[in-house]
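In what comes next, chain A is part of two complexes: it sits with chain B in the first one and with chain C in the second one.
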Partner chain A sequence: MLAYFFRRILLTIPTFVALMFATFVAIRLVPGDPVEVRVGEHGMSPERLAMFRHELGLDLPVWKQFLSYVWQLLHGDFGTSLSTQQKVLTEFLTLFPATLELSFFALMFALLIGLPTGVIAAVRRGSYFDQALMSLATIGYSMPIFWWGLLLIMFVAVNLGLTPVSGRIDLIQYYFEPVTGFMTIDALLSDQPGAFLDALHHLVLPAVVLGTVPLAVIARMTRSSMLEVLSEDYVRTARAKGLSPLRVIGLHALRNALLPVVTVIGLQTSALLAGAVLTETIFSWPGVGKWLIDSISRRDYPALQGGVMLVSTVVILVNVMVDLLYGAINPRILHGR
Partner chain B sequence: MGADLTTVALAPDDAAAIILSPPSPSLAFWAAFRENKGAVFGLWLLALVVAMALLAGFIAPHSPIEQFRDAVKAPPVWEAGGSWRYILGTDGAGRDMLSRIIYGARVSLFIGLSVMSVSFVIGGALGLISAMSGAVADVAITRVMDLIMAVPSLVLAILVVAILGPSLTNTIVAVTIAYLPRYVRLMRASALGELNKDYVTAARVVGVGWLRLMMITILPNCLAPLIVQAALGVSDAILEAAALGFLGLGAQPPTPEWGSMLADSREFIRSNPWIVTFPGLAILITVVAINLTGDGLRDALDPKMRRS
Partner chain C sequence: MKAITFAGLGLAALLFGSTAVEAKTLVYCSEGSPENFTPAINTTGTSFDAARPVYNRLTEFKRGTTIVGPGLAESWDISDGGKTIVFHLRKGVKFHSVKDFKPTRDFNADDVLFSFNRQWKPDSPYFKISGGKYDYFNDMDMPSLLDTIEKKDDYTIVMKLKTANVAILANLAMDFASIASAEYADFLLKKGTPEQFDQVPVGTGPFSFVAYQKDAVIRFKANKDYWGEKPLVDDLVYAITPDATARYAKLKAGECHINAYPRPADLPEMQKDSSLKVISASGLNIAFWAFNTTKPPFDKKEVRQALTMAIDKDAIIKDVYLGAGQPAKTLIPSTMWSYNDKIVDYPYDPEKAKAALKAAGVTTPLDIDLWYMPVQRPYNPNGKRIGEMMQADLAKIGVNAKLVTYEWGEYRKRAQNGEDITAQLGWTGDNGDPDNFFFLDGCTDGKPASNNIPKWCNAEFNDLLVKARVIPDQAGRAKLYERMQEIEHDEAPEFLIAHSTVFETMRANVTGYKQSPLGTHTFEGVDIQ
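So, the complex of A and B:
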């Protein structure tokens, strides 16, 4: 078991090296003078240019530059943002909780609706419910979520006035220092009445928008995985023993049907982060996704470089954790190899 | 079919004849495809979008980029103040929405098909090479693909566009890079599966050359899953390109690209909802059509992959 875990973790090292190399090359491909790209200043005097070139180490041989880049990364130095002059890692860590909170609620939304409806659709296969759910899933899966977000803002927030249009909390009414960076938790900690509900209120639309595609994927996956399991012998045996349908479905079938669903949830991390870019842009949600887009429009290439590096690191780590979790709940993986 | 079965039961000779002449593959495929009502519906929808794209010059009432200064933000025909001149209204610059949406089909399908064909060819080739050549090439290709998979597709596309600059061509390049790994992995996996089969061993024993083994013996047997991936990949590419357009990183105005039509539509949410509604609806309908068709294609091409 340990050997499996160890090997899986070792396997990420080449990917990390490749990632470092790719981000190292990427910033060199930006058109323009490499010093100006990094300093964000144009039309510098030759002396100033030479000074920065030396300061940034751009006068060294390329392989030395790469090694020092790797060295910096390994010491947690992901560069300095041009627009804020802050360390990219600091900025990322301040903003990441917002993205994490949004993704968490989106995933909860997807799971809480996707799992039960997927199971019901499988049990009542061919019924109107099943057909309707699968049609909706196709639509959800095909949804351009930026448009979906605009539509929901238009109908739910503007026309019906049911939710706020953007942001994480009503900043005029509530103010407290961030402790964890998670607005819902901070609101609870702040002891301001109504703050927690207001934070939740702000989360509804973005979470629904970001959760739509995962919801469709999870509902489809749960249904097909459940259908497969329901035709297994052990389910028939359980039924033949006279166990109640609820027990057969809930205990015998669902547990086994969930295995592939766990993998799919893991694969959704990457999709969630990509979706967060769009969702955060639409809802002015101050997270990592919006930050990446903003750094492009500000031509803040160091922030973009460090940001991509950090986002990808998150994805790689989550994938490793999902694999480890999968190994833990499915012993066949450990013993098979 | 019922009639055939009785014939089989009554006259064994005919049964032999039937077994000896199976229906042609394309007929069998069509029969299987037609069973899936959703897929047929999707195909009709897709045909409509394709027709719109091909005939854009004939059916669009106006030029997609002409700005009617006298009719800025005109409402669609069914709303108060709407006219038949601009059936779906006009946008913030006075351009006819309907014409832009019709021409937009051209742009989106072009992006989808370009991404699909380039990644199909390059991804397929890389996958085959990865499966059939030595460890070094295999490891190198697999690692690079792992790396691309580690970056969320949209973030990767954003990075590529940030470096190359926003344009329609760079959108295609960016989305192609982001979706390449799927094709490579799929091709590699199915080629590896085929490599162990007897017919490949037989071909090797006979002394078939490496290239012939790759292109003529193995490739045709790996195509089915790749074709399905390609069909579904068109819709993903369209969505991704539209997202880039929405972020202002894709096709640049005045190109009638559906995503970029939504780019600055946020300001019209309160006042002119049609500017927000129609481009997205066009994206959704096109993507649903392709996904339904792709699902049908998968079920018909490979019953094993059928999601029951």
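So, the complex of A and C:
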């Protein structure tokens, strides 16, 4: 197990190097540099342009810039944002809990609905229920997130008034200093009556929007995996032994069907963390997705490079954890069989 | 009966008591996060809006106008032909307190010196803090305008200029010239955390800073000791909401009271909603299509006038600005003092244009390049679409315009260098002073790169431009600017397209809000009914 763990960690090194290079090159391929995007209608004298480029090291050959960036990273320094002058790591740590909290609730929503739905659809294969659920899953999978978010805001929040429009808490009613960065936990710690429920209330729409695609994927995957398992001999044996249908499905079939579903959940977790950009923008959710988009438009090289590296680290770690979990569930993987 | 009366009184006391203590919170749905809270090192309207509640300046724009009035300077005397300005500072002005800093003294001349020296003098201990880029201080030519700023006594500042320019009083009302606490700066320097100066601001403004969470919220509370127009609410909250549709939804749901930058497409619906108010004003900007007057045939004013008559301006405003623009007939919008309303715009008349072109000795078909802007700006919603409409209009008089563009930075650089033959560009005013617009068409003493895109140099126009900088009274200056607009109209160095209309939306129960022609958002004097 330990050897497998180290092998898996070693395998992430080339991924990091490739990421470092790709982010570094990609942002430089976008026209305009951090100095140019600051220039308004006034223009800037060539001397000032040259001075700022020199200060930021942008006048050095690109390979030298890359090497100094790698050197910085090796020293654990993710750099300083050019627009806010804050440490990239500090900014990331301030914003990441919001993304993590949203992703967690979105995943819970996807799992709590996706798993049972997939199981029921498999058990009632070919029924109207199955067909309706799978059609909905296809719609959910292909849902344009931006449109879906705005539709829910307009209908659920504005017309029906059932949820708040956006944000993480009622800004007029509640105010407390962030402690953990997780609004639900901070609301509990604040001791302000109603704050926790209000934070949960604010999570409903964004979690539904962000969780829609994973919900569809998990439901479909659970269904197909269950169908495969349900036709296995051991399930037939369990049924022949006279076990209750609930026990056959819940204990014998589902446990085995979960194996590929765990992988999908792992992949979806990575996708949630990395892909919350649109949801965060629509719901004014102060997470890392929006921060990275802003960094691109400001050509904030350090924030973007550092941010991508940090998000990638989390995504890679999640993948490693899923791999380890998978290895624990299915020992054949550990032994390379 | 007695019991009922007491119960009634008790209930009334409870009701009135509760309303009396309930804090009034004004929520402004802003469009983004600030870079930091020091206007001197910022360039975006979003960042200026975020710091403005906290700070004051020596001079201030009268709320809702571009008129410059007293601020932290109660009055000033101009002498030495406009080259010396003596500012008499306001006494008894308190700085805000923040979590770990309590001011021990009132505002005085040291704070003025500190605020300007930080941007101007490399030996200021704060010069390099937070990157040390003072774009606006440099853009407004302050280093070449200022000779010295000295403290005569605690409440008197003497500012000496290298060249006379009364428009500097408007510069001083701009955000970059905000006055911060020198005592706070020293305190942080000693503490070893000078960067905090730009993250937790301390000023003398109508609201004091409470907290900021990136991409989420900025909180302020009313400054009860404020020397100026008192805030009418207890708390001010900026709910950072980047998506315009979400901002509209929040406004509709009552989650915010005032909404920044509504989407033009939402305006008709907003105007129909009785729970909302929509106000609008001409933006302090101009979009134009400049003719390079150093290159034939545009060195002849008759050719420029001909092309000016060939373009259907109203169609552009209807189709590209979706009606949210005002046809421009001079460089400055009608909300600015010295606007010359007597000028009659050139008519859209292709036949007359064709004849004028022929009379000017130009043979058609004439091939020209038409540079269109590759980006959207407040004054130009779609450069390419405007270019295409111009191209179609020009074809009618025998002018074949080839559409050309470059990456924005490159585009601006090349246009400033005069590499174009005709190019779209525009301007957003900084300080509401006409000089801040008319300098665009001033002579540049042969310098190649300048904001004078048509490269037009008219001796009379330039002479008046320079004269207007030394006349202290506004009425006297206005006369010169009115004349300059006549010259500019006759010479037609640019085809003036439009001033965009700026809309603002709020809940119907918001009172006292005044739209600023400068595009800024201020909340003192604003109340919720």
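Couple of notes before you dig in:
Rule of thumb we're sticking to: the second predicted complex is superposed on the first by the 285 of 337 C-alpha atoms of A that agree within 3 Å, B and C clash if a C-alpha of one lies under 4 Å from a C-alpha of the other, contacts with A are read in each partner's own complex, and residues count from 1 in each chain.
Definition applied: a contact is a pair of C-beta atoms (placed from the backbone, for glycine too) under 8 Å apart; a residue touches a chain by one contact, two chains touch by 3 or more.
Note that the structure is predicted; figures quoted are calculated from it, not measured.
In the superposition on chain A, A:19 makes contact with chain B only, not with chain C.
When the shared chain is aligned, no partner comes close enough to touch A:190: not chain B, not chain C. Using the contact criterion defined above for the overlaid structures, shared-chain residue A:82 touches chain C, although it does not reach chain B. In the superposition on chain A, A:273 contacts chain B only, with no contact to chain C. Looking at the shared chain after the overlay, A:94 reaches chain C, while chain B stays out of its contact range. In the superposition on chain A, A:29 makes contact with chain B only, not with chain C. Legend: residue contacts after superposition of the two complexes on their common chain; A:161 is shown touching chain C, with no touch to chain B. In the superposed pair of complexes, A:291 makes contact with chain C only, with no contact to chain B. In the superposed model, A:150 makes contact with both chain B and chain C.
Residue overlap on chain A between the chain B contacts of one complex and the chain C contacts of the other covers 31, 150, 153-154, 158, 281-282. Remark: chain B residues 38, 143-144, 146-147, 149-156, 158-159, 162-163, 165, 235, 239, 242-243, 246-249, 259, 262, 265-266, 269-270, 273, 276-277, 279-281, 283-284, 287-288, 291-292, 295, 307-308 touch chain A in the complex.
By the touch criterion stated above, chain C contacts chain A in their complex at residues 25, 27, 32-33, 35-36, 43, 130-131, 133, 135, 138-139, 195, 198-199, 211, 213-217, 219, 237, 239-243, 245-246, 249-250, 252-253, 255, 407-410, 412-413, 416, 425-428, 449, 451. In the complex of the two chains, the chain A residues touching chain C come out as 31-32, 36-46, 48, 52, 82-86, 91, 94-95, 98, 150, 153-154, 157-158, 161, 164-168, 171-172, 175, 177-178, 281-287, 290-291, 294.
The part of chain A that touches chain B in the complex is made up of residues 14-15, 18-19, 22, 26, 29-31, 135, 138-139, 141-144, 146-148, 150-151, 153-154, 158, 220, 224, 227-228, 270-271, 273-275, 277-278, 281-282, 292-293, 296-297, 301, 304, 308, 311-312, 315-316, 319.
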